[in-house]
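Have a look at these structures, which come just after this line.
Next, two complexes with chain A in common: one pairs it with chain B, the other with chain C.
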Partner chain A sequence: MNLNINIFSKFKNPTVIAAGIAVLLLIIGEMSAPGFASFPQIINMLTVASFLGIVAAGQNLVVLSGQGGIDLSVGKVVTLGAILGGAIANGMDSGIIVAFAAVIMATFFVGILNGIGVTLIGIPPLIMTLSMGIVVESISRFITGGLAVKGATPFMLKVVTGRFLGIPGIVYIWIIFAVIFILFQNNSRYGLSLYTMGSNSEAARLSGLNVKWIRILSYGLSSMLAGLAGFLYLGYLGSIYNISLGNKYNLSSVVAVVVGGVSLAGGKGGYLGVAVGCILLQFLESFLTVQSIPSWGREIIMGITLLVLLTAYARETKLRQ
Partner chain B sequence: MNTNSTKPRWLKIDWKERFRKTPYLLGIVIVILLMILLGIRNPKYLRFMSLSVKLKSWMPLLFAAFGQTFVILTGGIDLSQGTMIALVNVIVVQLVMYFEGSVQGIIIAVSAGILVGTAAGIINGLLLTRLRLQALITTYATGVIWKGLALAVMGEPGGKVPMSFYHFFSGKFLYIPVAVYLLGFSILLYFFLLKRGIITELKAVGGSTMAAFESGVNVNSKKVMAYGICGFFTALATLAIIGETISGSPLAGAGYELEAISSAAIGGASLSGGFGSPIGSLFGGVITRLINDIIFFYGIDVKYQQLMQGVIIILALSFGSLLAKSLSRRDK
Partner chain C sequence: MVPLLELRGVTKRFGGVQALSQGDFVLNKGEIHFLVGANGCGKSTLSKIIVCALEKDSGEIFYKGKALNLSSPAEARRAGIAVVFQELSLIPDLTVQENMFLGSKNQGMLGFVDSKSQKKMCEKALARFKAVLSKDICPETPVTRLSTDERQIIEILKVLIREPEVLILDEATSSLHTTQVEILFNIVRELRDEGCSIILISHKMKELFEIGDRATIIRNGETVATVDLKSATHDEIVTHMVGEELSSSKNEEREISENVLLDVRNLSAHGLKDINFTLNRGEILGLSGLQGQGQSELLLTLFGNSSDFRGEVVLDNKSLGLKSPGHCVRDGLSYISGDRKKYGVFQIRSILENTALAYIRKKRVHLFSRKKLKISVLPILERLSLVYDSLDQSISNLSGGNQQKVIIGRWLMTEPKILLMDDPTKGVDIKTKEELYTLMKELCDAGVSILWNSSEDQEILKNTDRVLVLNEGRIVDELRGDRLSEYELYKAAMA
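And then the complex of A and B:
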């Protein structure tokens, strides 16, 4: 009896559900379009998912911090990271360290501003980060001056797209990142404080945590990780022609976080689920692309799938209990 | 008492109290300030004619922000508003073309548009309440569905609506622009709901869902109603867009949801629900648009326009939030 309950609760685990659906998609995809679940194809999908994975890690921190925490500036920050990195490195390996440091510092600064706006001034996170997005985009536009940025250095290209055992570097980077990030979330003082204050901010404050500073730091880290993803994305693309390049990460990072079982109310859900959520989203997108469904049909199926996933486990408690 | 009676009347007003009771008072003050700034630079701007043309072009945002506020009052958010505009837009334009621009056809198309908008809003509300989902992510998902449906109805921008549609929207009735009547109708509807106590119930749901539930408010039906009202005004926003562009586009309305939400926030609505006013959001929408005009008329380089816009919005929000903080501090 006891065993049964344990198995059942495993199935209710969002990470397990998301992983199960991802595998199911692979199987159905392989049946309808042979080659969908082949090794190179899966690696391709993971390669694309890894950028979202890094962005979603930051989003995970901000959502965990609670009180409606959300970072909708990440999309524009990804673009800024790519463009700033490209403009500074300018295609030469000698400039790569300066470019990397500049991207990390600039995007961290953007996030700290978000955090200050949210915590010290009291602007709602949704609006604060969206408005910051407008500012960040205009800064990106300044840097490019309307021209394409061709700044990926040979080293960056090699690290991101170079293959080892048939797998591109970015996938290894993501795996190493994920391991470090999960350890960081579950063991560091900051990570543990984040869970505490996410579930009850007032209690955390009264027990001596510097709630405001932790929240500001979360926004800073979120933005920084988006900048890092953008920098790596530059290495993937080689050059940047499009100022709206990162926009898709804004909401897809939130969706990945929710699909991965993180509560938007804060305090619940870790990075393992989020990473699986990112993979699932990418599988779903590729799956719908492979099926020869017109674009409008893909949109509708994508929307309905999201609703089904949400209904499966992101439900709130009943008012009448 | 003695000192009070010697003070001029305006000093006797408790401004803090006033601001707290009328969340949009600050909005009015900012609108007047911005108008003065614009008037100094370009006196023609403040003429009745030019203002009524301006008002007409602001209508889509004003309607969107007005509708969005009902949802925000309940503590929700409707991210599907932008693509809902696209859906209503293509349906109305396709129907008008199907009936070859006849008057009856236009009436049918407009009613269908309003019905579709309201229905889409109610679907949002039902999904949220029946399935107990989170508003932010659910309306994002339904937004994706509306976009797909809009693309199914009309694959690419096109179609043509008769000029009579345009003339109606930019026309006048008894010397007053039609746009003013539409706004007036919306405000009347708001006061009707206020008198019936519905606005208070919406705010109660947003302020504390549990308390509202326990004091006998039908929380779910109030939420569905708020999303339905939002859909209704989103449809009106779409009609105003068609009145400007007189053509259809499955991409119409992109980004409107965010502008509407930030207008509501600038207009004094609390995004966590329970506080604010749709009227304030109208002022918020006007402020958003006036900022664009100020940037234009003060000849700021196009390169800096977007930057200025973002910075000004953040500053306006900071000011509003700090003011709200200092007002609520007195309670404690």
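And then the complex of A and C:
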């Protein structure tokens, strides 16, 4: 009897559900278009999912912090990370450390501003981060002057796209990142603080936590991870022609987080689920592409997926209150 | 003479609690009648039943000699019975005039608002309180701009312009200044002389004897006596309130060291005035009095929630900054609220996380192993005899009493010097309550000190070494030894 309940509750686990759907997509995709689930194809999909994976990790932190936390500037920050990194490194390995440090610091600063706006000034997260996105985009435009940035250095290209055992470097980077990030969520004071204050901010404050600072830090880290993803993305693309290249990460990072079982009310959901959510999203997008569904159709389906999930979660949030 | 309003055998039950078991009440025409009683005795329940804000379970109500069967407060208002509750019902974004006439009959042609005549009435009403309101208040002032006491006055005026025959004021004076109360009382007297009957719920003995004609005393949901205030004494009323005392349930005297742990000097903050007391090592010090007299504010201020406090708080010969809960935790304080859901429990998070948070914060642990954390949590939860399946289980699955144990465990892990408890046994079952009392005594024997506010008079009289009685943010009395009785408590609380 007890065993039955355990199996049942496993099936209700969002991570397990997302993984199940991902496998299902692979099977259906392989049936309708042979080669869809081949090893090189799966690796390709994972490669693309890696960047989203790093962006969504930051989104995960902000959403966990609760009180409607969401970061809709991540898309523009990904672009900024790529462009700023490219402009500083300018294709030379000698400048890579400076470029990397500049990207990390600049994007962290952007996120801290987001956090201050939300926690100290009281601007709703949605409005604060969207407005910040506009500012960030203008900065990117200013840096490029409207021209393409050719900035990936040979080393960056090698690290991100160079293959070991047929798997590109970025996938290894993501796996290592995921392991560290999960440990960070579960076994650090910061992680524990984030989960508890997401569950009950006032109780966390009365337990001695500096709730405001932790929230500001989450926005900072979210932005910084988006910047990191952008920097790596530059290594993947080699050069940047398009100032809107990061935009898709805004919505897809939120979808990935929700698919991965993170409650938008805060305080619940870890990175393992989010990572699986990212993979599922990439599988879904590739699947729809293979089915010759145009990009607008894919976006409609992404949007509907998010709405359906949010409806399900709205119910759960109500139950909690 | 037929009384204006009469209640016979009215009862009301909330779930398992009998809030009113025998409500008999007679209100004559043209009198000022007080309802008095201890915390939670059923005064407010009775007044809410009269205006049908609550439905009675049984009993009868007669109004002007006829049975009264109301179905809503609006109907009561139409019948001439109006009430001013403690909770403010004004809409902040509307103006004074709009609020005053909200839902009233005073409307012009075709149901449109006749704002000219409304304005006149409103100005006339405001003029009565002119001396005690800010000068720039006019009918067009939005209510958001008013202070709490001004809002209370508008609330009262809102009811008065409807010219009720029975007016109920439920602790309407608690947020007013002395001069404002005086004016209100003048109006109340005028109304009485015009033939209106007024029911006042108040905790202030002074007010009672100042303007009251009669008073009905309620004890544990039963109306025990109605007295004529011209002949009754203070003592007589308090005796009716607390009844025959069971003096046998006296607590055993504990040996308390004379070693002062916490010394609070001239502490003032929002809702607190000039608080002075000391807390000895190993002592259980109770905070009592009528509810909402600053007990919670005192605990919250001591836990770093008040940015503008004055005075000095010394713990172990070290002056405390009380900057934030975080600072206070490091200084050895801890805070347990009775409102677990809002201020204590992290729903959906595990028992482990709920127990370990404050410890991890205080010890500045950056990284931890969950296994080791579990091992350090176990002895604490065992000491609290908490019943649970696994530490990874969500705290939401535990009963209220067990959740409270987890929160106590959270603080015990930080090895606090002082536990600040704000009505910690609220909503906790009797068995767990007894366990908590025993635990508190054990902790104190081990050298921890407890400052304990409770809304249950019996538990605090039985389980503490001393009790401070608060009234309007001040300490008005200190009870110890033989004076630890309900009689002394209410005598001090209502003086």
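What we mean here is this: the second predicted complex is superposed on the first by the 293 of 321 C-alpha atoms of A that agree within 3 Å, B and C clash if a C-alpha of one lies under 4 Å from a C-alpha of the other, contacts with A are read in each partner's own complex, and residues count from 1 in each chain.
The rule is simple: a residue touches a chain if its C-beta (ideal position, glycine included) is under 8 Å from a C-beta of that chain, and two chains touch if they have at least 3 such contacts.
Computed from a predicted structure; not experimentally measured.
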Practice task
Identify the partner contact of A:188: answer first if only chain B is touched, second if only chain C is, both if each is, neither if none is.
Solution key: second
Practice task
Figure out whether A:84 sits in contact with chain B (first) or chain C (second), or with both, or with neither.
Solution key: neither
Practice task
Could you say whether A:304 touches chain B, chain C, both of them, or neither, answering first, second, both or neither?
Solution key: first
Exercise for the section: Considering only the touch criterion stated at the top, classify A:56 as touching first (chain B), second (chain C), both, or neither. Expected result: neither
Exercise for the section: Examine A:26 and indicate which partner it touches, taking first as chain B and second as chain C; both and neither are also allowed. Expected result: neither
Exercise for the section: Quick one: classify A:217 as touching chain B (first), chain C (second), both or neither. Expected result: neither
Exercise for the section: Considering only the touch criterion stated at the top, classify A:268 as touching first (chain B), second (chain C), both, or neither. Expected result: second
Practice task
Classify the contacts of A:139 with the two partner chains as first (chain B alone), second (chain C alone), both, or neither.
Solution key: first
Exercise for the section: Please tell me which partner, chain B or chain C, touches more residues of chain A. Expected result: B
Completion exercise
After superposition on chain A, the chain A residues reached by both chain B and chain C are 320
Handout entry: Footprint of chain A on chain B - complex, ascending
Key = 77, 127, 131-134, 136-138, 140-145, 147-152, 155, 209-210, 213, 219, 258, 261-262, 265, 270-272, 303-304, 306-307, 309-311, 313-314, 317-318, 321-322, 324-325
Exercise for the section: Going by the contact rule at the top, pick out the chain A residues touching chain C in the complex. Expected result: 186-190, 192-193, 195-196, 199-200, 202-210, 267-268, 320
Problem - Parts of chain A lying in touch with chain B, wherever the complex brings them together - result: 68, 70, 117, 121-124, 126-128, 130-135, 137-139, 141-142, 251, 254-255, 258, 264, 294-304, 306-307, 310-311, 314-320
Practice task
Quick one: which bits of chain C touch chain A in the complex? Just the residue numbers, please.
Solution key: 303, 324-326, 328-330, 335, 337, 342-349, 353-354, 356-358, 360-362, 364-370, 410
